[in-house]
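Letters A, B, C, D, E and F name the chains as they come in the text, with residue numbers starting at 1 for each one.
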Amino acid sequence: MNYTYQSFNMRGKSKIRPYYDLVANIAAEEMGRIELVANTINLLLDQTEASTDGVTPPLNFSGTTGNPDHFLNFGLGTIPGGAGGKAWTGENVFNSGNLKLDLLHNFFLESGARMGKIRVYESTQNPVAREMVGYLIVRGGVHQEAYAKALSDLSGVHVTKLLPVPEIDSMKFPDARKYIDRGFHKILYRFSPDDYRQIGEIWNGISAIDGSDREVQDGPPEGGEVPDLAPAPPLYAPSVNAEDIEEIARRL
Amino acid sequence: MNYTYQSFNMRGKSKIRPYYDLVANIAAEEMGRIELVANTINLLLDQTEASTDGVTPPLNFSGTTGNPDHFLNFGLGTIPGGAGGKAWTGENVFNSGNLKLDLLHNFFLESGARMGKIRVYESTQNPVAREMVGYLIVRGGVHQEAYAKALSDLSGVHVTKLLPVPEIDSMKFPDARKYIDRGFHKILYRFSPDDYRQIGEIWNGISAIDGSDREVQDGPPEGGEVPDLAPAPPLYAPSVNAEDIEEIARRL
Amino acid sequence: MNYTYQSFNMRGKSKIRPYYDLVANIAAEEMGRIELVANTINLLLDQTEASTDGVTPPLNFSGTTGNPDHFLNFGLGTIPGGAGGKAWTGENVFNSGNLKLDLLHNFFLESGARMGKIRVYESTQNPVAREMVGYLIVRGGVHQEAYAKALSDLSGVHVTKLLPVPEIDSMKFPDARKYIDRGFHKILYRFSPDDYRQIGEIWNGISAIDGSDREVQDGPPEGGEVPDLAPAPPLYAPSVNAEDIEEIARRL
Amino acid sequence: MNYTYQSFNMRGKSKIRPYYDLVANIAAEEMGRIELVANTINLLLDQTEASTDGVTPPLNFSGTTGNPDHFLNFGLGTIPGGAGGKAWTGENVFNSGNLKLDLLHNFFLESGARMGKIRVYESTQNPVAREMVGYLIVRGGVHQEAYAKALSDLSGVHVTKLLPVPEIDSMKFPDARKYIDRGFHKILYRFSPDDYRQIGEIWNGISAIDGSDREVQDGPPEGGEVPDLAPAPPLYAPSVNAEDIEEIARRL
Amino acid sequence: MNYTYQSFNMRGKSKIRPYYDLVANIAAEEMGRIELVANTINLLLDQTEASTDGVTPPLNFSGTTGNPDHFLNFGLGTIPGGAGGKAWTGENVFNSGNLKLDLLHNFFLESGARMGKIRVYESTQNPVAREMVGYLIVRGGVHQEAYAKALSDLSGVHVTKLLPVPEIDSMKFPDARKYIDRGFHKILYRFSPDDYRQIGEIWNGISAIDGSDREVQDGPPEGGEVPDLAPAPPLYAPSVNAEDIEEIARRL
Amino acid sequence: MNYTYQSFNMRGKSKIRPYYDLVANIAAEEMGRIELVANTINLLLDQTEASTDGVTPPLNFSGTTGNPDHFLNFGLGTIPGGAGGKAWTGENVFNSGNLKLDLLHNFFLESGARMGKIRVYESTQNPVAREMVGYLIVRGGVHQEAYAKALSDLSGVHVTKLLPVPEIDSMKFPDARKYIDRGFHKILYRFSPDDYRQIGEIWNGISAIDGSDREVQDGPPEGGEVPDLAPAPPLYAPSVNAEDIEEIARRL
């Protein structure tokens, strides 16, 4: 939403088109990102199984230290908020309208996000979580580098040379490395058939990670299968039982 | 974001496909909606002009009762929050995972939103604001009716007969009426070339407004021109002056 | 507080008296409800005992995942907020002033609350908690049904036929069933000796649960004993020791 | 709600009965207080009239600096929050469970509230507002004095001699004085036919304002008429027009 | 920050100098207090060690029930907020500008804080935590007593006789007692070489704890060593590895 | 508080001393900054005079669009929060513990703050406000440049060449220029007699504004007179009347 609102509010769009295209295009990838993260969280939460032993309650989260809202209010679904239970808020959006300042912000924001991802990676051995976070480290790294490059172009200062922030190579994380080996660190996907044509005026030159050539690729990356989560009877989600669902299907 | 997270978290997607398609598809239109609203607000704010008389300050908002954040922090841009200055928050998202309950929520949510739009319409004579709000009354009305229809199908109760909520005909608002006259009230746009194919299993039958046939139309509605707001020197947005911008354009 | 403010702010009270009476009367039962819930929570928290073994701290909550505010700031008392630690806020109140919309809201609100109660019931085997939640499922169900009936009367649409929302019979929960067996699901208590006389114009007809006749009963239901919690020395609540308390009693 | 939760959570109720009775009884008067304040605010807001001149919008709040939520979301009704637009929150509740500390808090709370009331009084010449605030200064003064007296009894320190806080005599405010002249400053109403019988063990002795004898009076004070606000067409509250309302009345 | 803003905003500073000096001086000690608390928390958090066994994650907080923000966002550092995860907010500041009311508030605030400290003390056997909390009980007790004394002087009521609030002697807590034995309960440190000279006009007479003479001592108390926390590799704090740090040191 | 907590939590202080010294030292100047801002706001608010004409209320803020909390709750004092009425919150603190990231954050933070100051400057012609903001632009510019320099030293990238952000010369603002003419833009004051000795290892070289040599100066800048605001009778601040204050003075 940060980049989304920056793209809406940007003045002089026609004059600074490549910057508008870059911000709007990254905003599009971020929209896909929340779907990816949500699906991963849902898969992790899905491991919880209902008990029928009469001792453990059917909907059991007494052993977890996670947010009870996942169980009580969100039906084991993802919550639009952070690990500490705080909801996302529009106050997170920084949008001064001044291009240099907003790019500096975005570069900082991605740098802080990279720190957070690395720490989440380091705080779990769960292969599903690490797989997702490894991917995010690489793709978030592209956004971080893209804003650094934009700021470099705008100012003439080699901001990209500040990378990596924090100072640890993404190659050190095996689940990030495998995506780098496949070249995901050098590609900026163009998320529109018609728009965002000028992102290549910024995303060019050589990768801060391995010196390979940066590339713009038309169209989004190939996505994974959207998980088809089984109905969860103790949650009454999506509904009471399989028969009901069949009946709904018939009625339509 | 409410419908977006509902679509991410919905269990049994393959079994209740038409409902998933409906929620996800409306989520897509809502994304476009915030861009429309943002552009309209930006145009309204753009009427403010810088003073150079030495008495009125260059960046003057002393006469307005609006949120000073528009001027100081958002560069005359739209803020992701409400009229009273409260930021949007993830706590707004209701997503129980239970289909009937979530549809009931969505129907209520659109009904409350319709009330708000009507009151905003009634509280201004500004033609730009009324134009936008009139359009939103009609399109939001489609979403309201679609959720009512979905709930009707799911339950067998004629929830659509509750419409209109509140009990005033959209035809009474001239700036809504003109969009009804053009048929915008009976069309559900399908916002994906490949997905959301089953929305027509719900969006069918006759319009609650005028009894015409409901239609699904492939692809989004034709949009307007995105405004190209002039740089605003007293805001230093996007940058100090036109020359700078030209130079940036050249440098890239 | 939601219904309380709706009752305060309702316009045209004399003309839509039965609706005013219904909302205000349910508001009264809700006030009693928070006392019931608070007493139950206090009894559950009261099971914690002070340790004197020199290893476990005297005031021990290190093994719980609950909110430390119960121990540190509320003296093992109930906090006016939710399970996830969020305080209740006036932003929860929906009160458009439009009768149809407010009734729709209230019906939705009770439906969401029923979902929450059912999930809490399913997430514990604690008999005290289930006893209370079972009772709340039944009485909250009366409120849900009453708002559905009010909306049915107002609109002519059979909204009560949407029940149950979510689609599970309250009879399935043993601790709810026993209260249904005693008829608590068909009674609307009139919480005033003189007012709220017209609630029977709405609360009539047959129960959505079992088809028995709905009844209005004058006066509140017979309540339980208010627990007289023993002083808790490690909390210094209500005071340091029994002697202090005796002395206070003498001094008065 | 502060005193309400304190009364729910108080330990050793049987041993410190007069204190429990006092806190619970004042909580009851506070419940009536919010109804009084809400009705007054509603009457003040009711002066706004709908325009039909085609220039001023039908629902006009452009000249006010108040909270737009009154108009858009609350239908000219009272909002459960403060003058600055902040909603009431459960975080406002202080309830340590330690009697001395909670009484000290309550005395402070009423003192701060008295300051606020006095400043509101001083910031308006509106006779309706001053009438209400004058009454609140007197009745809030009783609560302030009652907590001071309770703390005096508990501790043996003459806390009541700190009064008035702030150091201005309520007699200086004409709209407060008239209620003092009628003796409202020395009476503690007992808000229950059966309970709260021991409040007189605390509320006795002589008034801090004029040395007259403090009295406990059984039953609430005689209330005023609840205003019957006319329907507001531009708000669609309670409904679209008088005919609708008549029809609703007939249908029931 | 509460006392800091009270000192900034106090009117008539020249006329009520001793009160200004007292509030501003205590504000200064409170600034040092947050550094003390932060260092203690950091030392407690520092006990967490990184795992290298390939099973436990390198950054492991899965066994704790504390706030994950400590690990993910604050690099094992102290968070400016409370135990329940709520951030400190400017809404905590009470500053009416009325001297009597503000002193009453401050006395209440310190009393509530004393309750909190005592309960934290009782809820842990950790010697480092108890050492710090014991010290805070004593020093916070000085602030509590100083505000009570100031209110006594201002009003002529013996507010200091209300102490202790809550009614338990600090001597009962061994880690508080040792600081009382060293006289820390009777000293008010003067935190400025030149200012706050009139605090002695309030802080005089005899201690509420043991009847010894209150003293003003020029200059702050002798502080402890600021801990020099080792770099934490799994956090990348302050940086990746020792070599980097050496190189930074050289480069400067 | 941001820099304050960063200084508390910084790991490896002995190894990266110049950075610790820089952050802690700027934190100290920021503490003085809030006193400066508070005094200026108080002087601006002080222009409001009490009316005694019987029409305008004694405490009159009906003509202002500012926050009513200034009048009702803060006694015309400064509120610890922003222009839009939002209180300062600990959530504003960014403190990852990673040095490079925290410096990048601080550079961004000061850049955003500079944007805000410039816009406030441009939005008022009030000479008192412009005087203060002009000064803040210069001193905040020093902090911005210091963090840029620190990041330059740490990384070897010429981050200081990004200045100015936003791209407007501070010399353009007359009330900033006069402080630059006096050299305030090149001086970093050392706010401790004994500590922060290594800030000169970072703050050296030539000013980004005019190429003059950067200097470290021992001790804080000479401050102005703390305003001695007259008592405000309609606020009862600090107390009711002059006589009361005299008596308090005598009693002490």
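Keep this in mind: contacts are C-beta pairs under 8 Å (C-beta built on N, C-alpha and C of every residue); 3 or more make two chains touch, one makes a residue touch a chain.
Predicted model, so just to flag it, every value in this text is computed and none were measured.
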| item | value |
| --- | --- |
| Chain labels contacting subunit A and also subunit E | C, F |
| From subunit C, the most remote chain by mean C-alpha position | F |
| Label of the chain whose CA centroid is most distant from the centroid of subunit B | E |
| CA centroid of subunit B to CA centroid of subunit D, Å | 40 |
| Chain centre separation in whole Å, for subunit F relative to subunit E (CA means) | 24 |
| Contacts with two or more other chains, residues of subunit E listed in rising order | 65, 73, 85, 91, 96, 98, 100, 115, 156, 166-167, 235-236, 239 |
| Touching pairs - complete list by chain label | A-B, A-C, A-E, A-F, B-C, B-D, B-F, C-D, C-E, D-E, D-F, E-F |
| Contact set on subunit C toward subunit E in their complex | 54-62, 64-65, 67-69, 71-73, 85, 234-236, 239-240, 244 |
| Residues of subunit C that touch subunit D when the two form their complex | 1, 4-5, 8-16, 18-19, 31, 34-35, 38-39, 42, 73-81, 87-91, 93, 95-100, 153-154, 156, 201-202, 226, 228-232, 235-239, 245-246, 248-249, 251-252 |
| Parts of subunit D lying in touch with subunit E, wherever the complex brings them together | 86, 91, 94, 96, 98, 100-101, 104-105, 107-108, 111-112, 115, 151, 155-159, 161-162, 165-167 |
| Complex contacts: residues of subunit C adjacent to subunit A | 65, 83-85, 115-116, 118-120, 122-125, 166-168 |
